[in-house]
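Below are structures written as structure tokens.
One chain, subunit A, links the two complexes that follow: it is found with subunit B in the first and with subunit C in the second.
Here is the complex of A and B:
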């Protein structure tokens, strides 16, 4: 048994808050599932998207959060990952003939490495601003190349017919068809059908879960290592790191490539999820959302990046439902109100509010939400919701280190032993 | 670091092994402004050498040239007989020359002892691949470095700050931490850029005592300082820079009585 009370006691206020938010979100989603408002397959799709944004945020966090590298071309690395996977595996790819998705993954990571070196090698020797400016341009350059080099990318038509990632795997390829179709009568009345699309989506979620968990474990490990410590020093004061004998260019380049690879993983997942990629995949809005996710979660914090990625999916997909629900609620409220005097005026107002909400564009609401989120964050918690923990020392060393050095060691100093 | 005994400041024509840092005819121009003009001086092993001069004399430029932050237009810098001219700062540090900064920025999100751990050179854990190929080596080195860091914090009498956030300590304490961290790099020569600037008088005395202690333990120091009391009490010899070149050098007493130095400070110039 887990000692729940003890775990709660150990948490910071922020962690408790995050836990509450996560629990509430899960309950809402489960209610949606059980009441039949939320189709299970779509629910899994949302989970997949959350994993994808978590990956993108983890990638950006290892650049901006670890080393202070300003990368405005998240969408380009995401897109090159998606195109890399799609061009190798898709049935209508102009450059290949349906290779295995594993090769697609390798090519996507290779392309992302090349792109990261292409932009990183010339700019990372310079001051921080140069990467920011160059990456701003890079995103658009990559998008334009994909749009115009039709013989390589199909241009604006995009690449369709991308298989599922596990389609040529021994057991997993037949898993969706082999599983029995289920009809479940859920407690709140609706009937839920689980067929092959559901299991296919389940495999997609499995893929992104493996990507995200692997990236998270790797990044947490390197973040608390001496390697990560040098990057964190560079973030505060690069000249100090140089004066202390650190080849800061090497550290920055490694962090940049590492982050770009994680972003490309998100792209690979996306290509297999949608089974289609087009130039729209490189929408610059992705860059913007991922920056919001990292800052929201707390720059430099891997947990924060995970959480931020999930919040962004809520912001992106939430308005679609929330608007409908709100209108429904307002309509029932106005139905309950009478039409005389003050109450009547109130009813008119509620009805007009409902009409306004109905006419609202979900895309616009998203941007408003993001804006409100940023303002609230900067006012209330500028360091982000889950800022990095205070001390990061390679864990196995700390456990056995003495709390206080004993005085005997002091005397031994000064002989010069090298 | 072992040659602590070699403290003979009169030996002008000493052999190369006595010279830790040799600066020869350094020149640096910034768009027509000559910041360093044929500057030459030696820092001998075991000394605390001070670099002084009026504002704009080129002290910081010389520091930046020597530590690799600027590339000289002409001239030569040798550390321990090895030519380091034009090398990157991290390569210069590799050759045993470590510098501190006038206004060190505080390391965000780190504790003091964490900030200390940036000091040691050639840590296995600083190689990305080693983190995965030899995690045991990383842990061993980290343990040793942490013990070294805590020992140095104790020597500098700031061990009570070890687990404090590095952003929460005072400017003077930050300078002590910086000094202690530089020692973790085990330098042949330590370049101190205005160690006493912005430090309260109590801590200033403490800093001077610590620098003297390091020196007696064998560390050669070159420092820039405006606080003349601090310089005269600590340094021997003193090198005076004026308009980018060396005006004179000698013992603190000799410098104090030198008319040219007084004139340079009072703005005679030509």
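Here is the complex of A and C:
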């Protein structure tokens, strides 16, 4: 039996807040599922997207959070991963003919390594703000190349017909068709149908879960290793690291390549999820979304990066629902009101408000929301919501520490397994 | 001669980039961070001019260089609104923050999103243009291969006037001396009695205003869309870095170079025929679709070889 009270007692205020938010979000999503407002397949799609952003955030976190590298070319690595996978596996790829997705994965990671060296070698010696501008510029160069070299990438048409990742695997390829279609009468009245698309999406979620869990474990382990300690030293004081005899450029380059590989994994997943890859994948907006996720979660904190990835999906997909929902409520309110005198005028106002909201551009609303989120975050909590606390130290180091001050240092007694 | 025509196009495009890069460089020098919202400040100025011009459509008056008098009023509105937006943002967002250059850089990305999102909500994502009659290139210059319109001439002349006024402000007025002093060494400037917070506001006003004018001209040169400023931002950064961050005169020179390079891409493939002493077949086979990519590569190369830029640090 888990000691719930003890676990709660051991949390910081921020951790409690995040737990409450996550629980509320899960309850809302489950309510949506059970009331039939949220299709199960779409729900899984959202979970997949959240996993993808979590991967991207993990990758950026290992560059910025641990190494202090301002990489504004996240979209380029995401895109190169997606294009690598798509060009090798897709049916209408201009350069190959439907190889197995496993080869696609390998090619994507290889391309990402080459690109990371191509961007990292010249720029990683630069001052922080120059690195930001230079990497954004080089990411744009990559985008132009993919857009214009039609004989390699199909240009603006994009690459269609990417198979599912598990399509040539022994058991999993037939899994969606083999599973029985289910009709479930959920408690809140709706009937939910689970067919082949649902199981196909389930496989996608499985894929991203494997990618994310693998990356998370690997990165957590790596960051607690001597290598990770050197990297954190470089972040806080590069001159000190150099004085200790470390080749800081090499460490930075290694961190850059490592993070870029994780971002390319997210791209591979995206190509197989959408079964289509276009130049829009390399839109610099993706880069900034991932930055918001990492800063929101707390730079240098892997679980923060996971949390940030989930929040970004909520921000990306939320406004569309929120606006539709608001319009629905306003319409039912105006339907309930009569059409005489004051009530009539109120109804007119509500209807026109609903029209305005309906006509509103969800993408634009999203931009404003993300912008406000960034400004508010930098103003109120620049260290992020879940800044690193216990995750950077071995748990044994904490356990063996003498039981000292009874008050104050609650973190010192933590079991540190997160 | 194709070269003359491309140079003329380059000069027109340069004027717009120079207007953007001066403001970015001023703010980089005095507020000490890379302002990623600068491109979207240009967008704000362009749309402010659009609204003003639409409201003044009934106003007659003489027209100058193919542009009605109302357009110049709209241009002034673009300056004022963009400057106002920049100052209000500084007061509301940047000033209360105490998080260092990188934090401010990230904050400015958020500010850019807010500007762009609001412009998109009000004016939709569709591109639009000023209700100005498009005119034919000046006949007298066409035989020389130069195809510029009077609108282009207006863009260049206005930019030269604005840049000249800024030069006079910086070199010959008390305020300009204070601005240069502060860009050089903020602490020293404060100790010697300069009200540095006031100078900061002036800097934002000038930088934002010039960006607004640049945005309006960009709208006249191409079209207006909510992304226009962000799309230009990296070129403006390239100009600032080429010229030397914080240096106003460097930004002018960098803007000129980047603009000319951007427009003279067709020359690259036939480079051998233009230059003496090299074989005629020599050429760099890069298409015009890579014009901006070439500018970015130049920017990265400058950062690597000479991070202080052409003019070095300081105004």
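Convention: the second predicted complex is superposed on the first by the 358 of 418 C-alpha atoms of A that agree within 3 Å, B and C clash if a C-alpha of one lies under 4 Å from a C-alpha of the other, contacts with A are read in each partner's own complex, and residues count from 1 in each chain.
One rule holds in what follows: a contact is a pair of C-beta atoms (placed from the backbone, for glycine too) under 8 Å apart; a residue touches a chain by one contact, two chains touch by 3 or more.
On a predicted model such as this, the values are computed, not experimentally measured, just so you know.
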item	value
Subunit B versus subunit C as contact partner of A:114, first or second or both or neither	neither
Touched partner set for A:27, first subunit B, second subunit C, both or neither	neither
First (subunit B), second (subunit C), both or neither touched by A:137	second
First (subunit B), second (subunit C), both or neither touched by A:388	first
Partner chain in contact with A:245 - subunit B first, subunit C second, else both or neither	first
Which superposed partner A:178 touches (first subunit B, second subunit C, both, neither)	neither
Subunit B/subunit C common contact set on subunit A	none
List of subunit A residues in touch with subunit C within their complex	70, 122-123, 125-130, 132-134, 136-138, 140-141, 144-145, 147-148, 288, 291, 295, 360-361, 363-375, 378-379, 382
Contact footprint of subunit B on subunit A as seen in their complex	221-222, 225-227, 229-230, 232-233, 235-237, 239-248, 251, 254, 258, 300, 387-388, 390-394, 396-398, 400-402, 404-405, 409-410, 413-414, 416, 418
Of subunit C, residues touching subunit A in the complex	33-34, 93, 96-97, 99, 101-103, 105-107, 109-118, 120-121, 124-125, 226, 234, 237-238, 241, 287, 289-290, 292-293, 296-297, 299-300, 303-304, 307
Footprint of subunit A on subunit B - complex, ascending	1-2, 4, 67-69, 88-90, 93-94, 98-101, 104-111, 113-115, 117-119, 121, 123-128, 131, 138-139, 141-143, 146-147, 150-151, 153-155, 159, 163, 165, 181-182, 185-186, 217-218
